[in-house]
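The same chain A turns up in both complexes below, where it pairs with chain B and then with chain C.
Right after this comes the complex of A and B.
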């Protein structure tokens, strides 16, 4: 099987995957023990109002018809309405209103560990069994064991009293004066100053979110680097008399990246789940927080729409991972058979 | 050995009886038709009574032997504590005795195993011997084992090592009275625990009882008090119990699913394998924490959510949404093992597939599975704590570390920092212990790989809070 037909196969297989997740969500939300109409109305539920909402949600139809409508709606991005959080808006508008903050935080959460974790891991792999290696490895192990939300609480503590903990360094007035926690202002984000200002607000959250991936990237980067360094082709290159710099970058670095690809994309799942906790602690009203609030305040249709988007996001990242594999690793498609 | 277990049998049994046994029985009797159901219920109640009786047996290490809940008497000194010592010392002695007992039992089992291995076992050598010997030389793994054992002992003996009892301090404080020495009145007075708790709360600036402190009711708090005056150490000890239950139950469920699927796909390959790949992709496409938030909120009023204060449903869902990474991690090794000649030979012998995989494949796969299970267990504990932090899952008043952290979050900049910090440290230490143990098991089982399967490990462990 060639590389690209392998990739195409993965692409086709993602359709049942999306369908499965959407189906589960549908049955949990619309056929679960809680009737969404009662959840929306709360204590103001009267038979009339309930029947009205049932009609609007299409719940007066037979189950299979409703299911079919729901799937078609979702796949055509007809996400329905928000009922409790912003009753005047459609789900799509609400999500678009909340999403940029999470996207900004998520982007930083992927970028920060990439530029900290991987270099540290490679450093440790280049100088194995030195003090620096042990410090980096041990730090990574401890870091991995700490719950994200607790780290967030700790970071909030340190930053809000940064003068005491960081020897007079004040986080609040660093570069721009911003609050330590709270929602970033997303207006005019393409203006560089506004971008920095918003970034500064989300970076503590991004650091916490990225922490788990940072530990993993460091560990795996270290072993991958070590393995590539001790491999035969590197020895061969050295025997040929290639300069050290060229060996490291052309022969070690590229091969060491292969095992890191799944780690980087797998962290996206952690990111989506972890954003709920981190956004709650830092008071950033992004879509993780929106999902949690929609769930707890009874806006079940909105939560279902969000879940569909999360599933799409994860499946998309999976496809991206396969795509990267296909490009980087020429063995793909051969070893699978 | 027998003596060691017998003297503590009551306490161990108490730990077992603390699990939600009545639920499966209740479910069973509900499903079965009346007459049989009644009979089953009758039999179950006999077992429950026997269990309760066993749990109430007098034990060597009961808190009554070394009491620490005394009060001061006029003119100095303490009454009601062990040898009239200060409650802090009495408590330290009791904890030390419990851990000494646990260490001694562990040592005794270990010695027994070594003697058995050297003198009584028929075979001179088994592959497991090498693994155990490699683990003995693995300091990091042993460190993890010690941490995990420390928490298991803490959870098992929670009623004994906590400075006060759960009944009195957490569940039902207004039905219990304590005596204390009132400095103003200069005499010993009596009050209800609930009342005392109200005035022993840690609330930052206005009132705080931090680490290693006494409150005004002569009660000792090794790790301070909670925001409502309950004893933090008691809360965390019982919290460790429910955290470990969630971690172990979810791991067992996820591991069981992963193992059976790994055997199935390795043996039959082809379409079964493809179907499982798609199924695991499908489960993985749903972010676990969000699915749990969704299901836990939807099931909040359902009877399932009341089993073990909500701990059961969390553990169950973590198990259902936890097998994918484990399965992927053991799929490769399982495929390799099935290729061995001995599997082919037993096929040629005409053995049944179930028997072949059980006897000739599973023992090897289980080894690999243990590594990843140990890694993912920490993820389940962190995830459950994360849900509790959001106010979902394990319901009050049953303590959960995540909820303790959430309650202390706003006080973390004040004197009452211990409310958030102590449970966080406990979770980190517990998860660190399981991770280190996993490293040790990996190096013991397969010294050659030495960690280059870290990607699978990350996939198995990932997705916590």
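Right after this comes the complex of A and C.
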């Protein structure tokens, strides 16, 4: 089987995975114990009013009918209306209102470890057992060992009193004057100044979110580069008389990326879960915060729509991973007889 | 197989291709200093194939890597000279040494399964050598790569060029590795156990291929193996290594007919096909010691059936085994054969002291 037919097979297989995930989501959310009527009515709930709300929301229909409606709606991207949080808006509009902040933070949370963790691992792997390697490895282990929630609180504490802790350096007035925590202003985000301003607000959160990934990428990157450096094909490349630069970039780099691909994409998936916690601590009103609120307040269509988007995101990341594998490693899809 | 007359002409007439003299390579660890190569000397001519044979850990591969300048820390060359076309390579910087790798001295490695980079096509890896050493690009390089693959006996070369190493069988991969080495257009080819990982039938094909390439391209070949059968097949001259030292050196027919050093005798007796069916295969008891101190005695003595008291006291040096065969040297106190025992011992003693004072100067 060639590389690309392997990739096509993975692509087709992702459809049943999405269907399965969406089905589970439906049963967990709609057949679960959460009754949105009580969330909407609050203390004024009477059996009559509850039944009334159920009828309005279409919750008195048979389960299978609701299921088919839900699946068809999801697959046609008809995400329904928000019931509780913003009853006047569709789920799509609510999500689009909250998503940009999370996307910005998530992007930084992926990019920071990618451009710090991997180069550090790269350096450590190519110069093993030197002072630089020990420093980078030790830093990676510490960084990796700090739990998200603890690091988030600590960072918030240090940054909000940065003059005291960082020898007069003021984070609040650094480059732009911004609050330490809170939701970034996402108006006119394509303007460079606005982008920097918003980025500065989400970067502490992104650092916390990316901390574990950065440590992982550094550690695994170090191993991968070290292994490739000591491999026989690199020795053969040296015996050919290739200059050091092309040995590192042509022969070591591409092989070392192979074990790093699943680490990077898996970490990107972890961000979805981590964003709930980090957004709460830093007060960034994003998707994570929205999902948590939708679940606790019984806004079922909004929660279900978000779950569906998370499923798409994770399946998409897996497809991206397969795609990267297919590009980097020609052995993908090869079955020896 | 060998042509001693021709080789002698070359030796007197022009420069020897490679001349290794008293090479010493050591590995420095916290615990000890391991003298992996401890005073090795040999020479290789154009069109000549020199075998280096010995057990695992005798320093064969380190010798090869020393010549390539590929000894990694904590190892380094601590003494002796490696004269290639008259130029001493010892003491050159890595960048200077790189000018010799590939284009002058190429190497074929032991394990063809891992010697090729798995993420690039065979063609890519051959053309990389062609571009680097012969300045070929584009269509010209592709054509030359096809020629090379055909030269090493890979059928359907234009298609195979676009394939990846994992699509090749073991024997085909070793051929591809040889093609990559040849693409550098070297004058000296170092083969580090190139047939060890292969089936016996494939082994024979690869040996035949190397033999042909040697004649066609007038290559000097340094062939490392622990397999006496392979050595008999490929080499013109054989050097036997033991614990970092060269213990015997002779033309291949002479060595197999009249092995002089007790270690060589032991090696030959442990070849299954040379022994009669039904008799127990002879083995050499014990194992190769780690050479972690300067030799002041014979390192083979503890395992040697012919050892006597002086073997523990005197370090043997390479001497001619007798006057009739000047091409045959052994580092053993039993030789020269035509001199009385105690005189031979004295000869070794005085020569060793002389060598020792030369090094300390």
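Simple rule for what comes next: the second predicted complex is superposed on the first by the 316 of 337 C-alpha atoms of A that agree within 3 Å, B and C clash if a C-alpha of one lies under 4 Å from a C-alpha of the other, contacts with A are read in each partner's own complex, and residues count from 1 in each chain.
In the analysis below, contacts are C-beta pairs under 8 Å (C-beta built on N, C-alpha and C of every residue); 3 or more make two chains touch, one makes a residue touch a chain.
Note that the coordinates shown come from a computational prediction; the quantities given were computed from them, not determined experimentally.
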Superposed on chain A, are chain B and chain C clashing or fitting side by side? fit
Is A:8 in contact with chain B, with chain C, with both, or with neither (first, second, both, neither)? neither
Per the contact definition in the header, classify A:31: touching chain B only (first), chain C only (second), both, or neither. neither
Quick one: is A:196 in contact with chain B, with chain C, with both, or with neither? Answer first, second, both or neither. neither
Would you sort A:231 into first (chain B), second (chain C), both or neither based on which partner it touches? second
Would you check which partner chain A:259 touches, where first means chain B only, second means chain C only, and both and neither mean what they say? first
Just to be sure I read the superposition right, which of the two partners does A:175 touch: chain B = first, chain C = second, or both, or neither? neither
Based on the superposed arrangement, let me know which partner A:63 touches: chain B (first), chain C (second), both, or neither? neither
Between chain B and chain C, more extensive residue contact with chain A: B
Once both structures are overlaid on their shared chain, how near does any Cα of chain B get to a Cα of chain C? Whole angstrom is fine. 16
Where on chain B does chain A make contact in their complex? 277-279, 281-282, 284-291, 293-295, 297-302, 378, 382, 385-386, 389-391, 402, 405, 409, 412-413, 417, 420-421, 424, 427-429, 431-432, 435-436, 451-452, 454-455, 458-459, 462-465
Would you mind writing out the residues of chain C in touch with chain A in their complex? 68, 70, 98-103, 106-107, 109, 111, 114-121, 128-129, 132-133, 164, 166-167, 177, 180-181, 184
Where on chain A does chain B make contact in their complex? 13-14, 16-18, 20-21, 24-25, 28-29, 32-34, 141-142, 144-150, 153-154, 156-157, 160-161, 212, 216, 219-220, 223-224, 227, 259, 262-263, 266-267, 269-270, 272-274, 276-277, 280-281, 291-292, 295-296, 303, 307, 310-311, 314-315, 318
Touching chain C in the complex: which residues of chain A? 231-233, 235-243, 250-251, 254-255, 258, 328-331, 334, 336
